[in-house]
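In the two complexes below, chain A is the common chain; its partner is chain B in one and chain C in the other.
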Partner chain A sequence: MSKNKMKKSLSYRLFWPIRNEKWQQITIPVASILISFIAAAIVILLLGKNPLQAFYNLFQGAGIFPKSSYAGYKSILTDFLSLLNAMTPLVFASLAVAVALRAGLFNIGVSGQMLVSGFLATIIVGYSGLDAIIAKPLVLLVGIVAGGLMGGLVGWLKYRFNIHEVVSTIMLNYIAQYVISFFIQMYYIDPISRQSKYISEAARLTLVNVEIANLKMNIPLGFILAIIIAIFIKFLMDKTVVGFEIKAVGSNRNAAKYTGINVGRNTVLAMIISGGLAGLAGVTYYLGYFSSIQPKVLSSIGFDSIAVALLGNSHPIGIIFSSFLVSIIDQGSTYMSSQAGIRQEIASVIIGLILLFSACGEYFKHKVSRLKDKEVDRKDSES
Partner chain B sequence: MSDYIVEMKHITKRFPGIVANDDVSIGIKKGEIFALLGENGAGKSTLMSMLSGLYEPDEGDIYIRGEKVQISSPNHAANLNIGMVHQHFKLVPDYTITENIILGVEPISKFVGLFPYVDIRNANRKIEELSKNFGLEVDPTKKIADLTVSMQQRVEILKVLYREAEILIFDEPTAVLTPQEIDFLLGIIEGLRNSGKTIILITHKLEEIKKVADRCAVLNKGKLVDVLDVKTTSVNHMAQLMVGREVSFKSEKVPAQFKEEILKVEHLTVKNEDGFEIVKDVSFTIHSGEIFAIAGVADNGQVEIADAIAGLTKVSGGKIFLEGKDITNNSIRKRTETGISYIPEDRQSFGLFLDFDLSTNLALKQYYKKPFSSRGILNKQEFEQFGHKLIDQFDIRSGQSIKTQVRSMSGGNQQKAIIAREIDLQSPLMIFVQPTRGVDIGAIENIHNMMIQQRDQGKAILLISLELDEIMNVADTIGVIYNGQLQKIASSESLTTNEVGEYMMGAKHE
Partner chain C sequence: MDTVIIDGLSFALPLFIMAIGGIYSEKSGITNLALEGFQGFGAFVGALSAVLIANAFGTDVQNLFYVSLLFSMIGGMSFSIIHAVLCIKFKANQVISGVVINILALALTAFLTTQINALVFGAASDKFQLGVSERFTIEGLANIPVIGAVFTNVYPFQVIIIVIAIFAWYLLYKTKFGMRLRASGENPHSVDAAGVNVLKVRFSAVLISGLLSGLAGMCFAYSISANFSSNIYMGYGFLAIAALIFGNWRILPTLAACLLFGFAKSGGTFIAQSMALPSSFTDLFMVLPYVLTLLLLIFFSKSNRAPRALGEVYDKGKR
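And now, the complex of A and B:
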């Protein structure tokens, strides 16, 4: 018996990290990613191209690996900063989804919350001509408050009238999209770009074309904040009474009520936090990555973030990594298409595959534990 | 050998941190009622789960009709004519009885010989026939959501009969039933045996075994203690084997010493969601050092009284005073802090967070206060120390101590955890709702003793129970509820069990 246990099969050793429940949090997403890259490689092979080349180009474009040549004022560093710039709103949006998920709520209104906060920050601060030192913090504040109120409204509707948050957030997405579109078209339109007028540089959360060491860089100030906020959310959820109550409500509403936790208040609170994070996503997107708003369009970030949050196990630190990966593929796609001659849409296919496989994470977990049980059974019967 | 329809030989099953079954061998004859007796966590359900295909044994073999089998799934078990009636019903509330029964084995007919469809009408007829044959009359077109608990159980039984089960396993079938319903069910079980079925009855209620079972296997801590012939064995002996020591059915208690008034309920009225008055004008008081029990048949408003006092249900009329303070409109937490401990009826969906660990669940009523947290930051170390303290003090058993996920604990130990948590609050008023439901004899005795001990320490105790024996055993004062109204309040010495029963049925009024 002991000899049998010592001699572990190759497959056992290979899959050990996935079997071990402690490591599953990390190994399952990593396995999902690997599988999706393999699937993407097959797609690229079918197109008659070299998948390794394509992936390498992808990482080059995102500023992870150096390109063979750079235009003036550009280098790998500028590419990498653009990557962080694009990633920032995705981190905030995914955190928004994750916090709501912990409370047992499904916030698919992140896009709407982003738009409202982005729009309000644009008209209140973006066109105000305030100094940067006041304008930038004010943009963040408006973003948090607007998003928080919008999220809070959803929580309140659920608590007061028992309206399911999925329904109310979808409806609010439409309302935000069209009402704001109306205002932009009527009052804030730039006749040439057909978007809202550009905001002042002072209000923008990304410093554009900063010249350092003969390079022109876009420095995303919001990125530093995103990391700080992610760590703060982790602390909030794991170590504080507020986080405990939110998780309790998400885990079992009846027991939470019995315990004396105010279920309604925590539902609203979780949605305020979620909405506030979505608000930060909104301002770093519309007043950072971009500097104007395209009318009648909802950002897809609000929806991608659901899958990114799942890929990161709804864990704040996991979300930083999953956002990073998804942003790499997104950002690198242009370079890949020009270098490898693979259409840019393939990048979307890869992202789609990753998200699809990450959503299957629970299934993998189930399969692995079944396999484990079977193996144990077999061993016992052998001995 | 061919004597036995089911044989389980040297079965061992391990779970992390625990050996659920340790070298258990039993044989069950065709056409008998075979009872499995044991405390919670003794391994009865695990043993039967292996027979019904939910688990596979780590060691040992199973023989059905003399043939060695490896039962790999519930479907496989069904093919071997084994069916299990689960303690927690597995029914779809929005489906009709027929739809639930045929789920997975739908009879398919072809419309115009071409388009397949589920032949509900035929199935309805078949199920009606089946239900009449076994004395389990149901209306097959009714929805599960509209049925009482005992009717739902009938559906569960019909489900296994429909799958042509010859060996029926009943897992604690009477835990959710009223005394009358229990008698009816036991009658059905006997009827099934008489028509040639083999019955395995998992229970820890000795009277039931004495009433219907032919033979009985006693399990203790995963090991088989003995297989007994029920007719020639006394109830006391069975209990002793099961617990591993002498059990007294009558709790020892000194006469009650009533002191100051703790709880006063005045003209309490509670409406349910449909606006129907489920508690009507109920008034009573409980003193320090008194166990006040509310007796009644299920769903007569007694649970709502407890919920109203604890704050889980809104009061639509009347007042509640705790130590002279009006708490009628206070929040749940305010009431807990004013001095109410509450052991709820449904421990799994109200009393505990099954996905949280044991130490968290033990600190559930105090996590927001010092020393468990300060300035909103949780102190995990304090949770752990407190957890260890209560685990030792109340002998709560679990696989991985404070880190155990509560979901994996046995029902009796889950209940111990709740009672430990609530006693530790040192509240002047303690509410126990069905505290011994689904709990084994040893633990029942333990819980009764704890209640009496708390009473002797000057607590006021409100006990709500469907078990009349329990009420007669521990209560000092009994209030009998029928149809939302208290019919009678009197000291327990002045009432006989029969009298209480009559008030419970509404046959006798004040």
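And now, the complex of A and C:
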């Protein structure tokens, strides 16, 4: 009997972080990340390669661990900065999804909003030849306004005409993709790269090839902004009336209506904020990470961000961590594939698995709370 | 003019069969954004089986058309089990599950395609070459003006789709199973009270949507792209969802929506070609179906109503 009790307390201690509701927000995503890395390790083993080596290469490629050798002007620091550079649009896009989710809306149109704001910023500021001091803030402003208008349109269509936001965003994605492709190919095409002409360095949100201490670095200015905005969104959602009303509309439209909250206004407002964030993702992607736009292609960030937001529990700080992880896997995959001889595509499979397991988070919570109930029952019957 | 009808139909019908799958799933109460992933994975399994069988028996891929259609349905259905398990057993958020499945399908099929190409065929390729399926023309009917185009250059899969669609319509609206399925999406507790297992009904509905989407994916692979590669994820799954919401979750109006998409798409290409505009203008005409949908939705979606229990996890204890 006492032995049995000992066993129980051990398992109790082991699973305590998953049981505790406060810690679940962190432990469940961590658990799903661990499970998916184990699953990926099995696949890599089946391919006859060493999984630990492969994962180590993955982190080396992303600039977390040092590589064995570097090309000229490169070091672990430059790799890490490129990681942050790639991560910046993902943070913004995931924040955009998260804000809409809080209002009970699914913004599937992040890609389209990114493209529109990136394109407008490119033609208005990117080709203008303005000084950096004016050009960079202007790029951000154009991005926020363009994205916000696109998002606001979706919110308005939903509230005024009852058009499901999933449908309208999908339609707008296609429309943006084709119309912008038309304009790029007619007026702004670079005949060699088959993309839009490169923007001026002054307008670009990433400082490229800055030479410091004999290293050529890409410094992503947008990353600092992304962190600030994430904290701001957390403040907005948790501490202000605006955030409270948006969350109220998201959790129960009718209840919100009866308490006198203007549902229509908040729906549109949430979509404007979400679109504005998507716009920032667009400018940091097309005028930061890249400096031109490829016609006819929507970036996959728009869809990835839905999942990244989920992995981060739609929580701004959680999103920073989840997009950090996803970017590591993404960025490190090229190096891993060259070093370990494993196909690069496995990186997206790992990401997919992480997301798949974290989608089951609700079930874990449900199971754990049932276990807890059982334990309470048992204690009651024992006493 | 004939090409508009021929191309429009060959695009609209696969879209339609995929949308029917979506209707089944959503009518039973399971939101299904995963159609895109189902059709891609279905096409992957279909193409893979065709290529492997052709390799093993030395036949031409072209002859294995019906085999690959069959396998694509099996593939789409097996992949849809993930969505069903996640949404029904694991009580996951259905929209998120759908998005995740799309991402996973793209990642898995891209990885497996290159891996299998390297292992089995020793080629560094990211696609399975299939070719375009053969077409046939019904001689007598094809001579009728205007309508004749419907019977000209028909893909065999179009006939299969029409047969399946009629059966699907009958199953959903005229049988006990269909009635229970529709009731599961409106008032699951009454279905439960009648002694029917709601979860089983929903599970089978999701599997049906996977099966039909897999078929649609294979049809796209055999007509538009003539191979299987990551290009199969063109967003047609989302277009099917738009069509079914536009059609107010009913099969016949959804057919109209799909035909609208198909004809607007082929019509746009036709106008651009016949006006001899530069190729970049085609992009502008490609917008037509989507703009048209948005405009029509503004007039028609006031009366649109999703199934009442759509997207809700079925909880027996809840009243």
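What to note about this one:
Operating definition for what follows: the second predicted complex is superposed on the first by the 364 of 383 C-alpha atoms of A that agree within 3 Å, B and C clash if a C-alpha of one lies under 4 Å from a C-alpha of the other, contacts with A are read in each partner's own complex, and residues count from 1 in each chain.
Here is the rule we go by: contacts are C-beta pairs under 8 Å (C-beta built on N, C-alpha and C of every residue); 3 or more make two chains touch, one makes a residue touch a chain.
None of these values were measured; they are calculated from a predicted model.
After overlaying the two complexes on the shared chain, residue contacts for A:260 are found with chain B alone; chain C is out of touch. In the superposition on chain A, contact is made by A:163 with chain C only, not with chain B. After overlaying the two complexes on the shared chain, residue contacts for A:351 are found with chain C alone; chain B is out of touch. Once the two complexes are laid over each other on the shared chain, residue contacts for A:252 go to chain B alone; chain C is not touched. Of the two partners, chain B and chain C, it is C that touches more residues of chain A. Looking at the shared chain after the overlay, A:297 reaches neither chain B nor chain C.
Of the two partner chains, neither chain B nor chain C is touched by A:224.
Looking at chain A, you'll find no residue that touches chain B in one structure and chain C in the other. Partner chain A is touched in their complex by these residues of chain B: 56, 58-59, 310, 312, 331-333, 336, 342, 344, 346, 349-356, 364-365, 367-368, 373, 376-378, 380.
Those residues of chain A whose C-beta lies close enough to touch chain C in the complex are 47, 106, 108, 157, 161-164, 166-168, 170-175, 178-179, 181-182, 185-186, 295-296, 303-304, 306-307, 310, 343, 345-346, 348-349, 351-353, 355-356, 359-363, 366.
Touching chain A in their complex are the following residues of chain C: 33, 82, 86, 89-93, 95-97, 99-104, 106-108, 110-111, 114-115, 118, 235, 238-239, 241-242, 245-246, 280-281, 283-284, 286-287, 290-291, 293-294, 297-298, 301-302, 304, 306. Contact residues of chain A toward chain B in the complex are 239-242, 244-245, 248, 251-252, 254-255, 257-262, 376-377, 380.
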